[in-house]
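Please find the structures below.
What follows is chain A paired twice: with chain B in the first complex and chain C in the second.
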Partner chain A sequence: MTGYRPSYLNVFLTFARNSLVRDMSFRANFILQCISTISWTVMNIGFYLIVFQYTDSIGKETGWGRNEFFVFLATTWIINSLVQTFFMPNAQQFSELIRSGNLDFALLKPIDTQFVISFPRVDWAALSNLFVGFTLLCYSLYQLTTKAENPLIIDWRSILMYPFYIGCGTVIMYSVMITLAATSVWLGRNQTLYNFWFYITNFSRYPMEIYKVGWGMALWVFFTFIIPVLLVVNIPARIMARPLNTMNSQMWQLAGFAILATVACLMISRRIFVRALKSYRSASS
Partner chain B sequence: MPMALIELHNLQKTYRVYQKKEGLRASVKGLFKRTYKDVHAVKGIDLQVDQGEFVAFLGPNGAGKTTTLKLLSGVIHPTAGTASVMGHTPWQRENDYRRRFALVMGQKNQLWWDLPAQESFRLHQQIYGIETQQFNNTLDELTDLLGLRELLSQPVRELSLGERMKMELTAALLHRPEVLFLDEPTIGLDVIAQHNIQQFLKYYQQKRGITILLTSHYMKDVAALCKRVVIIADGRIQYDGSLSGIIDETTNRKLVTLQFADPITLQLLKSLERFGTIVQDEAPRVTLEVTRDDVPAMLTAILDAHDIDDLIVEEPPLEQVIADVFTRVTKSSLDARAENGDC
Partner chain C sequence: MATVASNQRGTGSRLKTWWTILKISLEERFVYRGDFALGTLMRFLPIITQVFLWYAIFAASGKEKIEAYTANGVVAYYMLTMISRAFSSMPGLCSGIALQVRDGEIKKYLIQPIDLLGFLLLTRIAHKLCYYVIALIPFTFVFFLCRGFFENGWPEASVLCAYFLSLIMGFLLGFFMEASLGLVSFWFLEVTSLAFVYNLLNFFLSGHMFPLDLLPDWAAQFINLLPFQYLAYYPAAIFQGTIEPNQVWQGMALEACWLMAFIMIARIMLNRGIHRYSGFGG
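And then the complex of A and B:
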């Protein structure tokens, strides 16, 4: 048995399956969760429909018209739902495991600890948002490609790069989240996770142009280069919606930087995670 | 001589604990300036355990038993010292090591609360990479031994404490660990469940020849299972040897129970007190605690003077002996600290 490596895919599938069995055993709760998630999303779409009754675009000459922005919004929901389905419950649980000392069991398993912490729970109800996001995406793209004047042409590069950058965005969000949860080792308790998530997504859910005015520039720099959450939605949404019908060179540079940022985030969060495990004290039984 | 399976040298663990003072004012003060205290949970343990041994760790709460087990399973890092278990340093958390041992904690559970235990077992199969054939065989054997067959498909939250503990044990043994650490596996269980788990552990340990380290507060567990006992108190090993040896080494007292034919008078009781302390007086029986060396003289004197129907000489109960050891150790360490001005 020495040297045996578990199949991470199989372990993950078992996690996912167990989570589904668990969710299904609380059927009413599951359905209510789906309904509340979808209604929240639909209300948001309604809100932006109202906004677009007063204006034609988000920001002057940015190209973020209603349908372009709805592609952006759809991207937000897709990434959000991925993070909430796969990582949010685990990051919260991680924090709790540290506080209660139940992290012990994760440390005993002959498998990468970060893996076994990051994936055990899948919140299947949160995945309902993915379908809403995807529907909205398809609808908005249909509108954009069929409009009379200057229709959007989707080439194969967009179709390949969009899911790739969705992946990058999800990884950045995951890194931020797991780092935050890992700090519970030193802080004893860290309940800012939800709040922080809310702040971050609030910043990341608008086109980055809106920050590039006056003191907003500081926010733009901070959330692009320090905690790169602005890249999360902006890069894939822009690649898909092409708000000004082109991607200028600065955007391509940012897109390149996004890959770098993803790798850096993942590596830094990994380091912090490993460091945290070393300091783990295991609350007494 | 081959190296012992488990070897500890001068193992130490110190926690830095935030001293929270009482009251709101002190709490606010604590926001700015914190005072910490070093708690020496384990103060230097040397221990060797050979393969196939079943060793009990005894000690009062906070003695360092659980901390030692956590160090051995690599959950926490030591402050100083070395440990080797099957040639591995536990806190390096190598997968090769983690596949070869298991830790069961009576106070914590690792099974998915809302799912049948069966689902958690499958997950273990995946994580440990156990072949299906072997997994099924092991699971069959364990469920038969522990009488769990009917309960496998019931959500864990609906099991009784005893049933849950048996499930935890099963989960821990699925990958056939060579070393097993048990931290109070029978805590809170009724007598029957305790007995079942003891019987199971005894059988399983002998059959598989695995090495087990157990902590428990129940002397019955220890007496039923372990030939070797390690008493830990105040972060150090106070005794390491056989169970019966504790009594020989740590106490020189015997309990003598006398059943008198004549009625027991106050005068009689008085006359008995010069031999030792009366611990029980339920006419017609009187039980005395007597220094071992004085027993023959005492018996001669009493048998000469009174009519005795029955006579029992026995060792004091184990619980009491160990409680005495604990108290002595705690007291002496408090004295030592007071001398050093630690308190």
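And then the complex of A and C:
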């Protein structure tokens, strides 16, 4: 085994291909899943269309008007679809591996355990939301850049930073998820993983400005600095939806901090995962 | 004549059977009470984001009221729909029936003198009763903390009566709607995608996602005729007084019609389905 180093990229591509073959074997089911994922998103857009009949923006003088907010929403769906495509099915599987003792097989493989746990299943149907997100993004950006007064001029730096921060956001979400999944080693089983995940990430779905009133400040601090899910969507959406020169210094500081938070989240979740594996006692006989 | 006599004897023993079923289901449910209470408390977390979202919307709109709601009123509405949903949601009912049809467990209702729908209804009542006993603590706690959102205080006694009636009817309507959906599995073995569509429509049309009054008039008029609103919106609207007291009973009458219709649909589907059904193996 000495000197042997598996090609992580090749292994991942094999995983992705296998999943695609599997999805394509039940094609009707795959299409149904795509349709249901998309209709969920469309319904959500419908909700905000209703909301924007009654108001011009989310929060007073926050700058999140209808089209700006739809950029925000599109960013949410893009990040969500990435997480749900690549990580969600695996994290759910992880607690099942622990409960059934099948984690033994993953531990025996000559490849990093966190890698082999995090990537084996790719849920291609969930990627359909990426398409919806991207369409919504293009549509609202078109609306913003062509509006009569004060049209948005997209800076080339925004175009570079947007995908970068989408990546950061996805990594933060992944870290939160793998940490939650790792706790199932101690709890024995963690079927409510998805619920917890939903409750925590629920806070990331809205512009951070709405929390900055009264005791919401405490929430803002907690979900920005302790569990930084508020940065996930807010930073890339803010960079894309509104002109960069209107970004205040606090926002720039947060954008800097987001990079730091991404690295920290990844490292901390890795440590928790390794700690969890050490406490793992096989369940088989 | 013999059948009449056996029927009379039957009623007593049937009641006993039903009581036993209810008792067993209750005991089964109480096993995981701690987990249950905690899970219920967690379910209120998304309300927090709703509070901030709606306050932001109200602040930006510069209005005191959007349709019939103040900012506090919207939050109170979301909290009340949680109670409605505690009555009308039927987790696992549709998929449970589909599973029993698919793996043949349904046979037991054919050979034992128990009615499938009656049995499921009783286990569901037990499930719900248990849920209320345990969920009462987190619900009271959260509602006490959030009492400020209920600006109008308690409604009148007559409104409260209508409210409770609408909750119970919501429970029955939810049960028979979802049971009918599950019984479709006699015809199609796989109903998961159908159930997903149902849940999606339910979330939107029942008013679980937002108060239905916010919809444009033409849409609201149409949705008011559908049975979905009784699963979340209607009880909450009665409690908050968004529906005029003299119109409450009209809505309830429509609800009763829907309930009757779904009881009949479920019955007919069960009868037809069992005739189609063929059980193989031992």
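Simple rule for what comes next: the second predicted complex is superposed on the first by the 279 of 285 C-alpha atoms of A that agree within 3 Å, B and C clash if a C-alpha of one lies under 4 Å from a C-alpha of the other, contacts with A are read in each partner's own complex, and residues count from 1 in each chain.
In this text, contacts are C-beta pairs under 8 Å (C-beta built on N, C-alpha and C of every residue); 3 or more make two chains touch, one makes a residue touch a chain.
None of these values were measured; they are calculated from a predicted model.
After superposition on chain A, the partners chain B and chain C are seen to fit next to each other with no clash. By the touch criterion stated above, A:Phe225 is placed in contact with neither chain B nor chain C. Of the two partner chains, neither chain B nor chain C is touched by A:Tyr142. Using the contact criterion defined above for the overlaid structures, shared-chain residue A:Arg205 touches chain C, although it does not reach chain B. When the two complexes are overlaid on their common chain A, residue A:Trp186 makes contact with neither chain B nor chain C. After overlaying the two complexes on the shared chain, residue contacts for A:Leu107 are found with chain B alone; chain C is out of touch.
By the touch criterion defined above, A:Arg281 reaches chain B but does not reach chain C.
Here the smallest spacing between CA atoms of chain B and those of chain C, following superposition, is 6 Å. Those residues of chain A lying in contact with chain B across their complex are 1-7, 10-11, 14-15, 18, 21-22, 25-26, 101-102, 104-105, 107-111, 113, 116, 278, 280-282, 284-285. Residues 15, 66, 70, 73-77, 93, 95-96, 98-99, 102-103, 105-108, 110, 112, 114-115, 119-120, 122-123, 126-129, 155, 183-184 of chain B touch chain A in their complex. On the chain A side of its complex with chain C, the touching residues are 29, 32, 36, 39-40, 43, 46-47, 50-51, 53-62, 192, 195-196, 198-199, 202-203, 205-207, 209-211, 213, 216, 219.
Those residues of chain C that touch chain A in the complex are listed here as 39, 42, 45-46, 48-49, 52-53, 55-63, 66, 193, 196-197, 200, 203-204, 209-210, 214-216.
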